[in-house]
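This report refers to the structure that appears directly beneath it.
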């Protein structure tokens, strides 16, 4: 049993934080009161609902990315635990930045705040991976260095795309939202080719 | 040990989301202020309390259904993880649609929104099961094809019943609520006959 | 490994619901605004803080009681899962009844609602234990019938005490609160004598 | 397998409470409405955001400390479970005291409340460790008595520092906030030297 107690509890804390963040997103969506029909009051909510779905999908991508890393990490040290906590700090911030973007979606500053928190999550994930894979004692023996590089590249690509989405917001924030949606789709597409999530090393 | 790391973490995220959704339902129930006696102020809440209990039971049915599926799935791929996340997305939406139905229970549109989210949960559960069972590498060897079909049929029956409940709402929304309550009772009744939940395959 | 997958997931859902209910209790405590000094504004909160601590301790007693039962149960069937869900339904209701008692603590009806939810939790816990222990296939072989009876008696005693606390509320609600506090202390006292929680059966 | 069922469930409850407390902290941060630009409205939030980050880091320190203790504890008794619940009670209180400090950060009383809750968490953690390590049956055989003393000393140092931070608040609350920030940094620094977190005892 290479992965000892610490990995298990980091997983538990991480899964808990993600589960709560995912479930809290919808709390930001509130039905407006009024004399209009229910459907028209629900229709007014569509930008908030879109932001909630987008952030849920974003959290899904980040959760899978994190879980993928832990799959190859077999022990932790204190620095790695704190890198993980830094990642979780950003995750707990996402419901806030999602709420801001949902209520001010035409303001480029709101998109910048949202994109900035996605970039921060990516940066924490990158630091977590780079730190662990630079220390052979922390990862599974025989970890493919090509895989290490591929995962790094993917995170960098996601960060770059978020940066572009922020820049574009100053032209039209709707293009930014579209670009954010490209991110999970692109990850999905790429990873279909080299799907390794379910590949437990033969034990 | 067939079920590797991924299954365990999907379970953890799923159990977390369900635990939070179940606990958040009651947050929608708030005691009205006023000069009336406490009992009469609580009595006013009964429709909200009924919706909370209904949704809790609904979440229980969906949780058991999901857990039942994972019991027979031994590995995942990325598509299955995303089908699972789609299911969880609908679960996180349920506290919202429950809240809408609780406050607008005489409006057929509110019942349609609620029934629609139950149908969406059923559809995600169906897709999850159909996808996994179509790939022998993902399920336990020797999975009974009759069981596969039975589970599919049960989900389809639940979806059909929810559809009827929505249609009936345009006559009287109270009949719809009654039909939604039939759903868990029917599942309970049927599954008493062929109870397999606790039947771990002999290992 | 007697305890199979189902027990583990029931534990996960239960621990999640308890963790959330315990953490939500404090959300009902809000600092009043005003020109008074912070200490005096905090002092005004003491009944709410007392209710929060009381309910936290109550949840602790119920969580230990539940965990104690599962320690002796090795498999579940669908009825037992639903008894467990009924127990969790009551647990998710506790933050609501705590909030009502915190804001209307001089009203016997609020104490009755709170005591009623404690009694309901006890009744669900009793039904869970009685159902499981009446079926030898569900519990660990060699489960002591004296232990079965002792746990039943303890739950009945707790229910009786809560009933007394409700009755007494119509004289003075403060005596009721004192009686509720006796409950965890009494459990603690009794169970010191025959402490079995940490006693894993020799494996 | 020395650590039996109880440890696992205590971990699950603890990880759940921490995950929720960490995620709830941000709920206290709300964007003010107004005609100002979004950046200036976000800028106004910096003290709230600073308190949220500080408390998140504090929770991280406490979570690691708790996990570190459980790493060396192999069984529990009822008193230890209740010491753990007392610790969790304080953890669930932290979002409240963080919110009070965030909104009244110039008031020494708010700093005293916050520092007091950190001290209470430290005291519970100390009692938990002292109780367990005084009973050889509860800890791993061969637990180094120097390690026992080191952990005690660290907790005492954290409590002392929090006490100083409270005292200093009556001069200037900003110095207190700085001192609270020293706490995690100091823990980090010290524990780098004697890092044992990832050191599973050879099994």
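Per-chain residue numbering starts at 1, and chain names A, B, C and D are given in the order in which the chains are listed.
Basically, contacts are C-beta pairs under 8 Å (C-beta built on N, C-alpha and C of every residue); 3 or more make two chains touch, one makes a residue touch a chain.
The structure displayed is predicted, hence computed values, not measured ones.
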Proportion of interface numbers common to chain C and chain D (over half same, under half different): different
Of all other chains, the one whose Cα centre sits farthest from chain B: D
Intercentroid distance (Cα basis), chain D paired with chain C, Å: 26
Centre-of-Cα separation between chain C and chain A, whole angstrom: 36
Two or more partner chains touched - positions in chain B: 12, 15-16, 19-20, 24
In the complex with chain A, residue positions of chain B that touch it: 1, 4-6, 9, 12-13, 15-17, 19-21, 24, 75-82, 85, 88-89, 92-93, 95-96, 99-100, 103-104, 107, 109-110, 113, 138
Residue ranges of chain D touching chain A (in the complex, touch as defined): 11-12, 15-16, 18-20, 22-27, 29, 31, 37-39, 42, 53, 56-57, 60, 63-64, 67, 71, 188, 191-192, 195, 197-198, 200, 203
